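Shared between the two complexes below is chain A, which pairs with chain B and chain C, respectively.
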Partner chain A sequence: MGIKDIVSEFLRFKSGLIGVFLLLIIVGMAVAAPVISDEEAGYRWYDIEWWTEKNIPKGVPPEWVGIIEGREYASTSEFTYRIPSREGYRFTFNISYDMAADVPPSDVILYINVSKAEGAADEEYIVVMNIYRPDGTSLSRVLDLTTAAPLAKITLSTDEKARSTIITFMKKYDPENFEDITSRGLTNVIDVVKILFSEAQEDVLLEKAPPLKGEYKFEITLFRRSTNVTFNEARLVVLGSAYGIFGTDSFGRDIFVGIIWGARIALVLGLVVAIVSVLIGVVYGTVSAYVGGWTDEILQRIQEFAISIPLLPLLLILAYTFKPTIWNLILLLIVFSWPGPVKTIRSMALQIREQLYITAAKAVGASTSRIVLRYILPQILPYTFALVAFAVPGAILTEAGVSFLLGAQGTLEITWGRILSDAERKSAVLTGMWWWVLPPGFMIAISGLAFVLIGTALDRVLNPRLLR
Partner chain B sequence: MAVVRYLAFRIVNALIILFLVLLITAVMMNEYVEDQIRTDIRERAYQEIYRNPQYAQWTEEQKQRAVQERIKFYEQQYGLDQPYHIRVLYRTVDAMMFNFGNAMVLKSAGGSPVVSDIILEALPRTILLFTTGTIVTIVIGILLGIKAATKVGSLLDRTISTFAMFTYSLPMWWVGMIFIFYFSYTLGIFPSGGMVSIPPPEEPMAYALDVLYHLALPLIVFVFVNFGGWSYATRSIVLNVLTEDFVNTARAKGVPERKILYGHVLRTASPPIVTSTTLAILGSIGGAIITEAVFNWPGIGRLFYQAILNGDMPVVIGLTYISTFLYVFAILALDFAYALLDPRIKVGVGGGR
Partner chain C sequence: MTKEFTPQDYVKELSEDDLLAVRDLVKYFPIRRSVLDVIARRRQKFVRAVDHISFDIKKGVIFSLVGESGCGKTTTGMTLVRLYDPTSGHILFKVDDETRKKLDDISGGRIKFYDGYVDLAQVPSKWMKPLRTKLQIIFQDPYSSLNPAYRIRDILMEPLVIHGIGDSPEERYEIILKALEAVKLVPAEDIANRFPHMLSGGQRQRVNIAKALLLNPSFVVADEPIAMIDVSLRAEVLLSILDLKEKFGVSVLFITHDLTIAYNISDYIGVMYLGKLVELGSAEQIIKNPLHPYTQALVAAIPIPDPNRRHIIKDIRIKGEITSAVNVPPGCRFHPRCVAFDEHPEIQARCKAEEPKLIEVEKGHYVACHLY
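After this line comes the complex of A and B, so read on.
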């Protein structure tokens, strides 16, 4: 059967075509990863600082969720105010933000950009912020801090002053819950940004009040002590409550980026492990069958030994002993996967060995290596395509498992297993962040499915047993 | 006689496998284990000399010398003065005799640091979850598989085949996470993990019910992920037998279809099904590391996970040995069963599974 026949036979199987289609999608993701996402993201995945600087909302669902739910999620918006340079020590200006979303923004970040006179020492300045809400209420001195940083970055959700001001403001509308929360020491769990954008009413501290839509005025006042300090600009970033295709994790990383870069590792690892280990297994099984006798006996015992080793425990121990890079992991997986196809291949080779043309080749005086390489292996080789396809999901699944268990001790590449591991460690499941858990698992399942479908179709086409 | 020789050969084979797996583990873990023993010895020696009022009036130098002597004594006792290969060999043989020593960090619920105690405590819990799950899966799987085989091409048949393919590459632990999300977080009808509520109920009856309640979700996940594969495999085996000549003959003779299926076909199809059933049930005792970790189920798998996280090497060695032991024992048991039932099996070159 030539390659052409195999392909045309294969195309008759609908399931095989679906498999190819799924595989193409994943390959597309893997190839396009550096193009459709920031190329740096590939090796910056674990650099949380780098992600924080990108101002991506943390732990928010995908953008399309709003369409399904019929609710509007706030999107990220930025307001820059260029501070006119003038005399005086006090600068006051307003930035207004129109909150029209049903799900309020996830955070508010204020940047103040300052430059100092040539040769002057770093000098402190004061940042004060008042907030005027659409319902006529106002919060004074939500921010009140002194800093000397040339670029001050103030995050509302983590700033202590802002937290206590907002909670104290809401206390008078929801006194009972305030008592309860304070007595249980849970005040630092409250999402203050969410309640800042909520109606001031009962249960607001439980984050159960409806959003308060309308125009929010952020009144910012800067004080300087001398004219050595020049205020350049203020930038107010209102982080949205939904992001991208797959949302973000609680570190503010774009999960879609992780998924497409993870596809590269999964494909490379799955294919390399499957191809190499099946090839080793095929040669091993063929040699064992053809040479026979004591060689066969010893090779079979070695194979039985190798296949009896419980894979995951030993992989974990090994990964613990050696620092696991992705290539180490591939090597280990090959060491433990090659015995898989040996028995099947051996029985196929045993049948081929008895064929007349092999006897003829022997009679003519062909060497063992020639008979194995030229006459037996080519007969078996087509079937190994199916074996490779079936071996890929196992390798991907095992890698995901190892990465999941090892977590931060695992490989430094982006893998789907590691994304799930982070999700588990940050209890994404118990905080409702399904978008962190579903995509990586789906990708593992889909890539496995693609290869199983292809393998099943190939098996039907190539497996001598099933040929009628 | 051939059977006895065959079985003897198999047992020796199994022992060699066990020995080699343990040897590999021991070689890799040796450094950690010995570091721990040395620290223990130092601590004990210092305590013996410095805490003993008998030696209170000794000079610092005398005490130091006494400590060194004690250390040397203990090192001899633990065999640390032996060359490397002997030490590793000792450790391997020790483990083979189920003598794993004391854990470094982990303890059993009763506070015992003996590794075998810790493992024996976790073992029944894993059996409770995974062996029950395996049995339920197999029953459902085989029944559905037979049904599908008798109705090839029906909606049931196609659904099972598709489902089997989809679940083949589904990570069980991920399905666990999703189920926890949906049934525990969203619907709130099942607990999110663990084996009993905290604090556990006092009454035995209430305790048992509480365990069952916690068991339900992981059990459902296990069955959900695995039964598709079982039905598909059963379907293929039964389908193969259904095309054999003797089935046609029976049909031609007018044997009722039910009788053909249960009397003739299933009897012929049963050996491979029995094989996989045995292997699966025995294999289930080893548990599933990641699934137990996700469900916080305090069995063998989670114990292994904790041992790795804490670097508790004696526990790791013990668990590796136990899981290899179970695996090898399962294969051995099958060989025994076949040797007794199937007269065709003989020892010799090329003999085997």
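After this line comes the complex of A and C, so read on.
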């Protein structure tokens, strides 16, 4: 059967076409990864610092969730105030934020950019922030801190002063819960940014109060001790409550970026492992069958030994010992998956070996290598495409399993298994962060499905006995 | 036999126009023993497919080997072209100077020649390649003897590529077209581009003949080439085989179980029974004057195409089935089935004990039977 016939036969199978379509999507993701996402993201995945600086909200669902739920999620907005250069030691200015979303922002970050005179690098300055809420209430000194940093970054959700101020402010509206929470020492768990943007009413400390819409005024006051310090700019970043296509994890990493970069690893690993191990298996099986005799016996016993080694535990230990890069993992997977196709190929080669045209080839003086290469392998080769397709999901799943179980000890590349592992470690399922678990899980399943569909269709085309 | 004959001795007896001389050729197949058999040290058993046969084939003749299924005809053919390695015996084959030179080159002069003959039985497989061009075989099954994955063109290209015939693909293609035309497969260009499954059995078999012709052989084994072909297409294949002899001067060992075809096509006939040649002679002698009780039975079985005789049930002078080549009967191996054996009680003891030798009864007509 020629390649043309195979293609035209293959096109008759809808399942195969679906498989090709799914595969094309994954390939498209993998190829486009550096274009549709920051190229640096590809190797900065585990660099949490780098991600934090990108001001991506942490642990928020995908943006399209709002459309489905019919609720508006806050999006990220930035306000910059250029501080005019003047005499004096005290600078006060307001930044207004109009909160119109049903789901309030996830965090507020304040940056203060200062320049300092030479020799005054250690000189400190003071940052104070009051917040005026739309319901007329206000919180004074939500921030009150002294710093010497040339670029101060203050995150509302992690700043101790801000936390205690907001909780204390809400105490009078929800005294019962306050007692309860403080007595149990659970104040650290409260999402203070969420309650800052909530109605001041009962149960607000349980994060059950509805959002308070309207204009919030952030009054920022800066103090300096001398003119050695010049205030340049204040920047207020209100982080949204939804992000991107697949949301973010609790480290503030864009899960979509992880998925598309993970597609590269999955495809490369799956295909390399499948192709190399099937090729080894095909050559091994063919030689074993054609040479026959004692060689066959010994080769078959070796194969049977190799295939009966329990893969996963051994792979875990080896992957842990060899400080795995993805290439080490590929090598290990090949070492353990080549015996898979041997028996099938051997039985095919045994059948072909007995064909009369092989004897006829001997009669015209064809050498053993010529017979194997020109007569036996070309007959087996089309079937190996199906074998490769079937071997890919196994490789991807095993890699995902190993990465999941090894976690931080695993590979340093972005793999779907590793994303799942991180989600597991951060209890994503328990905290309802389904967008951290489902996308990588689905991708593993879809990539496996794509290859299985292609493999089944190929198998039917190339193995006419299965044709119905 | 008191004296061990050497190829040199045999060659002395051969005449100028002998192409191939088979002497005492033996091919036994060992039967696979189980581990238990090996432990119990049971004797290794053999299928005695070919058991000491000798005959000569002259240049440009068709020699038919006739016998029932399982009598060793095909094994003989396969052994002659060294698809099987003979267990013992000699196959003396006359080679031209060009082939002789190639053999010297490949073996570094280690292959022995006896007055222009080479003993095929002594050439190691790795040095057979130059001889492959001179020895060809056409198989019984035209369906599985052509690689289904290749076009006729590519199938025929193989022998040329392997033996480096023709300098360019175009030149080889020309050679292929000529070979196809030689077996009357026209239009050759059209046939060359087809796949085997697009041809009839007869056409396939003629492709096989063309393939054998490509290498310009001097000896071709045709192993029941028409047995699996529709009756209506047999004539075209037989004509092509006759052309092998008449146009190309090739000697053919024609293996068949059909005496009628053997008589029509061949110059000489050898009758085989259970690995032995029982009768040997010209086609005329064998059919017109069969001597061996087995040959007589075969000749008697030839149907006569006369509607008036359709009610006559012929008396075929043979009993039972062919015995297994593993447990060969002692003495004459035909005696359990021989009607003459029953009719001649005086020689029964000899038939059971002594294996008959081929003796020349009339000029060129040999028979192995104690009756003569």
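Please note the rule applied: the second predicted complex is superposed on the first by the 458 of 468 C-alpha atoms of A that agree within 3 Å, B and C clash if a C-alpha of one lies under 4 Å from a C-alpha of the other, contacts with A are read in each partner's own complex, and residues count from 1 in each chain.
Basically, a residue touches a chain if its C-beta (ideal position, glycine included) is under 8 Å from a C-beta of that chain, and two chains touch if they have at least 3 such contacts.
Source: prediction; values computed, not measured.
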| item | value |
| --- | --- |
| Chain A residues touched - chain C or chain B, whichever exceeds | B |
| Contacts of A:A363 with chain B and chain C, given as first, second, both or neither | second |
| First, second, both or neither for A:G185, with chain B first and chain C second | neither |
| Partner chain(s) touched by A:G88 [first = chain B, second = chain C, both, neither] | neither |
| Contacts of A:G119 with chain B and chain C, given as first, second, both or neither | neither |
| First (chain B), second (chain C), both or neither touched by A:G136 | neither |
| Touched partner set for A:G70, first chain B, second chain C, both or neither | neither |
| Set intersection of chain A contacts, chain C complex versus chain B complex | none |
| Contact set on chain B toward chain A in their complex | 13, 16-17, 20-21, 24-25, 28-29, 165-166, 168-171, 173-175, 177-178, 180-181, 184-186, 192, 286, 289-290, 293-294, 304-305, 308, 311, 316, 319-320, 323-324, 327-328, 331, 349-350, 352-353 |
| Of all residues in chain A, those that touch chain C in their complex | 1, 355-357, 359-366, 370, 374-375, 378-379 |
| Residue ranges of chain A touching chain B (in the complex, touch as defined) | 15, 292-294, 296-297, 300-301, 304-305, 308-310, 312-314, 316-318, 320-321, 343, 393, 396-397, 400-401, 404-405, 420, 423-424, 429-430, 432, 434, 437-438, 440-441, 444-445, 447-449, 451-453, 456 |
| Contacting residues of chain C [partner chain A, same complex] | 81, 83, 128-129, 132-133, 135-137, 139, 141, 144-149, 158-159, 162-163, 208, 211, 215 |
